[in-house]
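Listed after this line are the structures, all set down as structure tokens.
Here subunit A shows up in two complexes: once beside subunit B, once beside subunit C.
== the complex of A and B ==
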């Protein structure tokens, strides 16, 4: 029964998202970015292949974030603001089933969008690499590109889980959005900050705060780990083991956030 | 002896805390037997919707207990046995009426085959057959209200809880919903509904409850409530004015 409910909620959320105009806007953006990739790459005189791969993956990351912060959070906020949640929770659906169902539905939308955007970026990259074979990075591999794309998707899944957590306790959707964006920015730079503080004895105001920074690095998501644009662009293969560990980290971190979101949401009064 | 359909005992609820606390319900007790149609009356802000949200466990009471068909709200599962229509039913705009009903039915534990049979019947009953495959976002208020009613009935529940089911409807829409409630009464369903429209209450209810500023002023038969020679509206206004006067 719980799995059944989660599946139906996920399917409904995914259908709602797919039929939303925002997704079509993103498809258009993907086409524009594909064309931009062709234009931008030719502005460079060397390393055209590397520029093309990095631009392609960056465009996937950018549009994916737009999807999480605007479409994803809008779908979540509308449930509360427009009282749609009453239609669902007046049925035998628990809070954790509701939140997990919504989360998985949005994860499915992100997967679909990443596939569309990734394919679109791959087409433009393929054209550039075919047009300028001299600039194809040595050891360039489409498998590494697909793995980098999967890491990008996992990073978006973690950011989405952060958004669901913020949504579960914030009083206003705007506050939830602000918190989620801030967490994303911290998560992108946490690893760098940790290394600066732990490896540098002259880290300014943070000197001597190694334990605090270390504790924070365990709390905030380490999103820089998922950034494999560099590896894909330079044809640097990363191991299957590292990939599996990243998957494990992304999935377990997201599951933990959804668990905390459930605990917090249970305390919320749906007035 | 059958268990009461709804049993509310000593229910209190306030929002906020300290000096800013707004007490919305005070020591409310009500019992509604199975098969009866109970009208819950009160002016705006009296605590009708709050009572309904507490019944559905959307809100948690400060004190008191609520039982539905013998199951304690918040502790035991009862929701597969009730149907709920909110005052402003909102649905997923991009799902069709059929998909909306399918989602609700599935979440209520119904199987695909049962839904395939039930959905066309309900859509026809609510005169929504032609709109079955249209997205709900384009529906009028009346159509949404009728879809909300179908949504509440999809799993054929024993107890129906309607929050202002006739609010914002034109006379035709109101007539339709009224007719439907009368049919459900004939089928022996327990119906608990709040309304401002006293003529509807008069036409449909076996018993009524009158609430003002979170305090239950009356609960009992409709005839017993009517002041000699007065209609429901006059009797209602008189009771509310007396209560307000007593408070002042």
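== the complex of A and C ==
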């Protein structure tokens, strides 16, 4: 029964997202960005393959972030603003099922968008690599590209989980959005901060605060670990083991956040 | 009605004049500011860590943008003559600012070829004259592009041409030659320069290590063997010349004198079928039989 409820909610959320005009606007933007790839690449004289792959994957990342921060937040906020949440919670749907279902529905939208954008980017990249074979990175591999794309999607899933958590306790959707964006920025630099403090004896105010930074790196998502654009762009293979560990990290971190979101959402004033 | 229309037109005209004046003044001010001023300001002046933090997951994209920014600032500017045709404008570049752009781009993406190639095309040459800084950029590129022999090749060129360090250049070329798919000429050139710079033994060791990984069927293999034999011949003569200097307190004036001293029974074979030559500075050549033009010395093999 809980699984059925979650599946129903996930499917309904995904359908709602697909019907949303914002999704199609974002997808159109992404397709335009991907087409722009063809023009931008020709502005360079060397490493055209790298520029093309980097641009394609960055388009996926940028559009995915727009989807998470605007469409995801809007879908969550709409339930509260239009009081649809009461209709759902009055049925035998618990809060954790509601949040998990919503989250999985949005994850499905992200997956769909990543596949569309990834394919679109791959087409433009394939054209560039075919047109300028001399500039294809020596070890370029489509497998690495697909793995990088999957990592990108996982990164977006983690950001989405952060957004759901922020939504669960923030009083206003705008506050939740601000918190989620801030966490995203911190998460992108967590690895950098950790390395600066642990590897640099002159880290300014952070000198000697290794434990604090270490603790923060366990609290905030380490999003830069999912960034494999560089590896894909230069054909630097990363191991299947690393990929599996990234998947496990992304899934476990997101699950934990959704769990906390459920606890916090129970205490939220819904009326 | 007509009064209201007139008033609206007047207000519209005033607003448009205000807009046109302010915008043209702004454009005028921008055209007066040096073209290079944009390179000396901007977020790329931030420390590398801050730059990395700001770029987030779009580091590569930002590096791409910065190389375009550099490209826009470099190059020739043409201005249309009133009488027809064009004239070249002599631009004043802010080289430290442009160098900062290169560094920023490389900080964000240390493997990007566009950065090191454009830097090599401009920075070491006059009027920029920033050879040491270019070498730093090339060193980072070499480290991060282990499939590419060209950054090390450019480094070797700079060491030879600008810094007048043939020995160092030779060592760099030999290192570059270890890169997969590096052209065979790098080994030959590196060995020659390393020997001229007094690095004969190092050149022999590097060449031997490279030959160990090569197949005798590979193009350039025979050339490498010949160059190795020539270097080994030079090393034998160098060692004998050093012994001579220790024993007699001076360098030998010719190879004939060296062989006559008994320290070297005979000159080693030269694979190029040329005579070895010892110049007045004590440098031994395997490819320049007339190096001692003032004191003819034709040592026979």
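Everything below uses one rule, namely that the second predicted complex is superposed on the first by the 271 of 271 C-alpha atoms of A that agree within 3 Å, B and C clash if a C-alpha of one lies under 4 Å from a C-alpha of the other, contacts with A are read in each partner's own complex, and residues count from 1 in each chain.
Methods note: a residue touches a chain if its C-beta (ideal position, glycine included) is under 8 Å from a C-beta of that chain, and two chains touch if they have at least 3 such contacts.
This one's a predicted model, so the numbers in the text were calculated from it and none came from an experiment.
S.K.: Using the superposition on chain A described above, determine whether A:196 touches subunit B (first), subunit C (second), both, or neither.
M.R.: So A:196 only meets subunit C here.
S.K.: Is A:16 contacted by the first partner subunit B, the second partner subunit C, both or neither?
M.R.: first
S.K.: Let me test your reading of the model: by the given contact rule, A:242 touches which partner, first (subunit B), second (subunit C), both or neither?
M.R.: The answer is neither, since A:242 touches no partner chain.
S.K.: Which partner does A:61 contact after superposing on A: first (subunit B), second (subunit C), both, neither?
M.R.: second
S.K.: Touching subunit B and also subunit C: which subunit A residues?
M.R.: none
S.K.: Of all residues in subunit A, which touch subunit C in the complex?
M.R.: Subunit A residues touching subunit C: 40, 43-47, 50-51, 54-55, 58, 61-62, 138-139, 155, 185, 188-189, 192, 196, 223-224, 227, 229-230, 233-234.
S.K.: Which of the residues in subunit C end up touching subunit A in this complex?
M.R.: Interface residues on subunit C, with respect to subunit A: 49, 52-53, 56-61, 64, 67-68, 109, 111-114, 117, 147.
S.K.: Would you mind writing out the residues of subunit A in touch with subunit B in their complex?
M.R.: Those in contact with subunit B are residues 1, 4-5, 8-9, 12, 15-16, 19-20, 82-84, 86-93, 269-271.
S.K.: Under the definition above, what is the set of subunit B residues touching subunit A in their complex?
M.R.: Result: residues 15, 50, 53, 56, 58-60, 77, 79-80, 82, 84, 86, 88-95, 99, 103-104, 106-109, 135, 151 of subunit B touch subunit A.
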